[in-house]
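Two complexes come next, and they have one chain in common, chain A, joined by chain B in the first and chain C in the second.
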Partner chain A sequence: MKASAFDYVRPPDLAGVLDMLRQFSGAKLIAGGQSLLPLLNLRLARPTLLIDIGRTEALRAIEDRGTHVRIGAAVTHAELEDCLIPDCPMLRTVAGGIAYRAIRNRGTVGGSLAHADPAADWPLAMAALGATVVVEGKAGHRRLPADGFMLGAFQTRLEEDELVVAVDVPKLSPDARYGYYKFCRKTGEFPEASAAAVFDPFSRTARLYLGALSGPPQPLHDLAATIARQGLAAIADVAIADAVDRVAAGDSIERRMRCAAVTRALKEVFAE
Partner chain B sequence: MTTVAFTLNGVPISADVQPRTHLGDFLRDGHRLSGTHLGCEHGVCGACTVQINGAQARSCLTLAVACDGAEVMTIEGFDHDPVMADLREAFTTHHGLQCGFCTPGMLIAARDIVLRVPDAAEKTIRRELSGNLCRCTGYVGIVDAIASVIEKRKERTEAALATPARTAAAFATFEPIAPSSTASRSPSSRETLTFAREASLRPGWTRFDESFVIHKPRAVIWELFGDVRRVAACLPGVEVTSCDDTSAKGRMMTKLGPIAASFAGSALITRDPANWSGTIVGAGTDSGSGSRTKGEIVYRLGPIEQDEMTRVDLSVLYNLQGSLAQFSRSGLAQEFARQLVAKFAENCSSQLGGGQPAAPASQSLDVGKMLWLASLAWLKQIFRRSN
Partner chain C sequence: MKHQGIGARVPRKEDARFLHGRGQYVSDIILPGQSEVAFLRSPAAHAVLRGIAKPRGLESVVFTAADLAGIQPITAQCTVPGYKVSVQDPLARGKVRYAGELIAMAVAPSRAVAEDIAEQIVLDLDELPALVDAHAARATTTRIHEEWEDNLFLILNYDNGFEEHASKASVVVEREVSMARQAMVPLEGKAIVADWDFRADQLIVYTSTQVPHVIRIGLAQSLGLEEGRIRVIAPDVGGGFGYKCVLQPEEICVAWLALTYKRPFRYVEDRREHLIAGANSRQHHYRLRAHADERGRLLALDAEVTVDGGAYSNWPFTVALEPGQATGNLPGPYDIKGYRCKTYCVATNKPGFLPYRGVARTSVCFAIELLMDAIARKVGREPWEVRRENLVTAQAMPYINVTRKHYDSGDYPKSLDTVRREIDLDLWRARQLRSEPDGRRIGIGFASYCEQSAHGTSVFAAWGLPLIPGYDQATVRLVADGSLEVRVGVHSHGQGMETTLAQIAHEVLGTDIANIRVIHGDTGMTPFSTGTYASRSIVMAGGAVAKSCEALIPRLLAIGSHLMQCASNTVQYMPGRVVGPQSSVSVREIAQAWYRQPQLLPPDVDVNGLEATIGYKPQVDTGAFSYASHAAVVAVDVDMGSVEILDYVIAEDCGRMVNPMVVDGQTMGGAAQGIGTALFEESPYDVNGQPLASTFMDYLLPGPTEVPKFRIYHTETLSPYTAFGIKGMGEGGAIAPPAVLFNAVNDALRGLNVEVSETPLTPRRLLAAIERASAQRAPASVRSARE
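Coming up: the complex of A and B.
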């Protein structure tokens, strides 16, 4: 239950972090460490060098960029839970439901996206919000859609020398509606099934995603489009089960939990 | 060793630490602050909760070296704190503890709740307390204690936080813009694994079935499967050190994101030519993480399309113990197993010069970044919830 030995550096700025990443190919980035420390303590991960980016100033800002809000990669879940960003209300809802407050105080948005645990909240929520992951590396700056950023369990489109610096979350119009639901065996545990929905008539976006699968979150585009056109009338058990079956295989319990997560996320969308 | 300096319970300290030392060990071993209790050491139990820069945090999930410049408070630092004094008294009055192991963490979490959510009702208190486990009280006394302190403070201040209202607009229908397609998603490719949660299985054992098709006659596949070294060459990360027709010894390297393991083990192989089937029974140990696995793979070859192609059916039964079993996450194993079998099928095909396997055409194989190399049985079990 004790981590194996590693070296530790905390470069003063982002340039220093990128330099270290370039120099040491076996290095592992650590921000809040709330997913990495368990792996280290269990010796399931045995990196030789940790590069701490948890306090890197350039990754700590929340900025209004007009059409979207830029969330720095090292912004913690608790910081998003505690501040209400008027045009991104869903961030607060999602952040407040992640694990426990003690975890949220240290765990970061960028860390969650880069760690790419399929059951994590941000990969699902950011896909549903149509967010863009901003990445920095040797090859320079890249902008990658949150949907598709995770390739599989613990795999992302990040190259070895790259890190997530921010995530751009599009603002929602006042008419937008969203829903987020997850099934946890115990409050704060990783969910067994999760779903996120965002409908914005102003930007004409309809996004519905199923999360906590074996791989990345899966979109239910057709169902979302039908709901956008027809409203509440399009929400039927059969349609939801059909959409879920198309993207995820599983036993009957998993299937029912997934359908229920979608149904309940949609219920929030249509809640008075 | 790295030098770390921070304020501990109001007193500046400085010490040399190994980077791998977590804050909990640093406090207990280095500073004799044994009020911080270590339970699970992977963030689940909450016994080690301390306060870092005014916010509650897990000392087992925080490196001491990362606390440089911070203000750390342990339960010992709250002796003269008025809120903590109220909580201590309330925990006594309401029987909020028995053995006391969870209590330091409980108190620090409770103080955070009282100050951060000053209007918390029972449901909120329970939700906020979900990260701290207690095996004695059933939580009733603890929740009552916290509620009583909140009530007491309300009487004093009557301050309540306004919760921000959600967007109140009613749902308006609209014609959506078609979403830009991202990663290719082939629904059928996800339908390849079936899992059995059979009551007849021994506890801790899991079984799953998988199949794939190779564009070669059955006899060719049969011959390949009879050659341990050739089969091993098709399994990413597998290295055979010694083998004969009925047994093999070797090592399997696995890597998945930050997780890495190297299993050393052996296997016994039996083949049944009359039924075109075989059985591999094996066991292995990863000394790095102290994880052990054992399992059985049964394969059966079936001809399709006048024996132009062969269908390979696999049935895998396995068990895993140690750290990897402890680090459980449902669903992940399914994905790993699917990808590993797909990779195995692809490697078999290319070794036989048969091109790409016909099915399952896994979308993930297109990904140029398969960092992981994995053991089928091992991966299947890693994240499986134990029954």
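Coming up: the complex of A and C.
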């Protein structure tokens, strides 16, 4: 279980990274490597070149940009777990629940979004937070909503020569509430079912997403809007089941788990 | 000196190197000029191997069966009537019988390059239907071994008074239970370094094994080499669990390379290889019919057992061990008068079955304990009550059970009473009446078992295996400074025997355990033993160490009395000293005399000196039976299908404990593995025999957050037959957890009429059972509306 031969470079800056990406079509970016390294060792991925962006300064910052916080793509889960960003408390909650600490020490936010595992945490959380993915490439700078950035399992809107450089997470008001629930067979595993909800009366935000599907996280907008208007108590279980059915096909067991995940995420939001 | 002998909780001597990362495993051995070996394994579960094309230009570093001239295949005989021998070539010849079977090996300076070469080998395979299900494999005309008339390794039939006792029963309870196939997943997989030693004129094989002396015999046979020209060294071994108690085809291949090329070669199994080619344990299926009275007293038991034996029988224990142990141990710790059992051991296109920690008893405990709870539900009594009334009592000991096993000693009901008290059943029963704020359902489960340990010659001889354990020897040597060397042929790989055998030597001679070195794991340095398996080592090697140390005492007394110039009948041995009427001499002074001042020795001194090799086996060699009861409380989430263990209590008795801390460690480790079997571990296959869990993404192990803090209680009922009354206990922890956890879940869900009986209890299996039960409960109109 050893990787097949590849070359490795660590360009000094982002411009160098973009150059290399442009020049070598068989190249693959590596930051934390927590998904890529197993794929290399299993020889399921056989890139000819690895471009290491794990230490690229321009991708490592967390910046307050007024209305939102910009998280560099190569910021690790552990770094988000260890710092409290006052207006984005959910980042810490989500980061601290990803896999194990050893993985969080290396895995990055940008890597998770670009790898696009449907069961991963950041695609779901960033969609629920209404975040924007910032990418750079040959065509220049693009800003893509996190909802819709993942096209399918392990597929994104990134072009061959593009990389995620940051994600912009809107700040929440002090009145905002969120819920994040995932069910994993054991600590550290990818979830069987997951859901995220963000309700902010100040910005009239009501977002509810279902994750761990066969493809990207799916929004339950209507249900979220109804809950924002009427409160959770007014929502019957069957309304949740119907909303889940509309966005995700699955057998009765998957449906049962998904409904429970949505219910529990919502209960977190509205917990006293 | 603090108490260091039998019963002392002394810290393990070996832990200093392990905890500082200074253990030396096979993978740590790097010899000059060493080449790495990568195996090409079969991608197909069942296929005719028409051809193997070596990559052009690399023919000299790729080896197939055709290159391994003179190698004998692995064939394990056994005299059980009807048993069929399988022939396993170390590298496949003509046919492959499971996905992951070795086909070719590539050699290179690094493993990565060896893998590059291996993946260029082109196979011409003609796929055959894969036999994945043991029941289907019994019915089909496709043959795994062409020369066989069916796909059965063997059928066992046992009947002792079944009809007579079944006819008295007023209650009949039927159940089917099954266990999934799984891997053993030691931290360290297989690992081999082989080299040729020109000076010793010997093949040196470093291998991660539990049984170095057995591997020497096996390699000598396979390679056609005189035994004396092979030395097998098992350095630190990162877990055995039965995976490493048999001759491995990889050992033969790597040893052949070193023998042929007279230079070092190394192979280290990776995790993916382990999960594919090591999916070799636990898979049993039971059809059970209990005949009981209205109180739930089990009068007669009828069983049909199916063991999915995989493709090949192993050497030396054979695949017959598993069905044999299943048939013989199914009645468990219970006083059952009538028993009938038919056991099929079926060949399938999977890795050959190996004896995993617990050897069949994890499965039979699961079967009988789920049945015991089902009987209790049927007769409307508490499961612990029914269980208690069926247990063999202390007064009945020694007890010959319905399969003629000789239970030597113990108080089985007391262990059950202990766990019932300590888990606080009444408290939880009261809490069950209230609903939990989080909606989960609480359940309490119990299970009891007894564990045959250190069973010896008569038991194995009855099976007619190729290698039968007899006497175990130990060599003890007092050296000139008075410290003690102890050499044993068993191997310690987690059992803590570098400490516990020193404690036994200390018990006899009084030498400080800091000055006792236990040497094991090297055929060149230790007396013969069949090795470490079947919870035998502390009884067998421990007994041999005691006997050998005892043999030194008269010699010490003779020299000591001479040094003190007093009559030999006036001296006695005290820890570390020979004491006379007026004075005493230390063992160190006696050793100085023997080694360095022999002019001081008595003229009639025992010329064997201060070294002794004595063999030992218990007077009755049918085994010392340890036993335990486990109890657990679980919370079941009926929306997600998850199970959380809230409390777990174990009351165990393994006779005299040499080191209670080591007993605790063994129990906890085993119980963690049992939780894996119960809730997580599974090696599933698709219809083509392709393994579906080849990485830890898909093969789940319990982690620190899934393993509870076990609360362990001990009693010590001595074995009447063994030195110091010690019983083996290495496997016990792994036996009961699946039974106790499933009983707890079934207790939690009895209001929903849900009964689960198939390991592992994944959320999907649990939710499917809940949905089936609710569909049955729903009135017909609702049911049709849903459908």
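We take it that the second predicted complex is superposed on the first by the 271 of 272 C-alpha atoms of A that agree within 3 Å, B and C clash if a C-alpha of one lies under 4 Å from a C-alpha of the other, contacts with A are read in each partner's own complex, and residues count from 1 in each chain.
Just so it is clear, contacts are C-beta pairs under 8 Å (C-beta built on N, C-alpha and C of every residue); 3 or more make two chains touch, one makes a residue touch a chain.
The model shown is predicted, which means the values in this text are computed figures rather than measured ones.
Undergrad: Considering only the touch criterion stated at the top, classify A:256 as touching first (chain B), second (chain C), both, or neither.
TA: Touch status of A:256: second partner only.
Undergrad: Taking the superposition on A as described, I'd like to know which of chain B and chain C A:188 touches: first, second, both or neither.
TA: Once the two structures are laid over each other on A, A:188 reaches both partners.
Undergrad: Should A:12 be classified as contacting the first partner (chain B), the second (chain C), both, or neither?
TA: neither
Undergrad: So, does A:42 touch the first partner chain B, the second partner chain C, both, or neither?
TA: both
Undergrad: On chain A, which partner's contacts cover more residues, chain B's or chain C's?
TA: Larger number of chain A residues touched: B.
Undergrad: Quick one: classify A:1 as touching chain B (first), chain C (second), both or neither.
TA: both
Undergrad: Scan A:26 for contacts with chain B and chain C and give back first, second, both or neither.
TA: In the superposition, A:26 contacts neither chain B nor chain C.
Undergrad: Between chain B and chain C, which residues of chain A are contacted by each of them?
TA: Correct list for chain A: 1-5, 38, 42-43, 186-188, 190, 192.
Undergrad: Using the touch definition from the top, list the residues of chain A that touch chain B in their complex.
TA: Contact set of chain A toward chain B: 1-8, 10, 28, 30, 33-34, 36-47, 50, 52, 54, 78, 84, 89, 92, 99-103, 105-106, 115-119, 145, 147-148, 151-155, 157, 172, 174-178, 186-188, 190, 192, 199, 201, 203-207, 212-216, 218-219, 221, 224-225, 228-232, 246-251, 254, 269-270, 272.
Undergrad: If we count contacts the way the header does, which residues on chain C are in touch with chain A in the complex?
TA: Those in contact with chain A are residues 110-112, 115-116, 119, 270-273, 639-642, 680, 695, 697, 700, 702-706, 762-764, 767-768, 771.
Undergrad: Which bits of chain B are touching chain A when the two form their complex?
TA: 2, 18-20, 22, 25, 41-43, 46, 49, 52, 55-58, 60-63, 65-66, 68, 109, 112, 116, 126-128, 130-132, 164, 166-167, 169-180, 182-183, 185, 187, 190-195, 197, 256-261, 288-290, 323-324, 326-327, 329-336, 338-339, 364, 367, 369-372
Undergrad: Inside the complex, what are the residues of chain A that reach chain C?
TA: Touch residues, chain A against chain C: 1-5, 38, 42-43, 183, 185-190, 192-193, 252-253, 256-257, 259-260.
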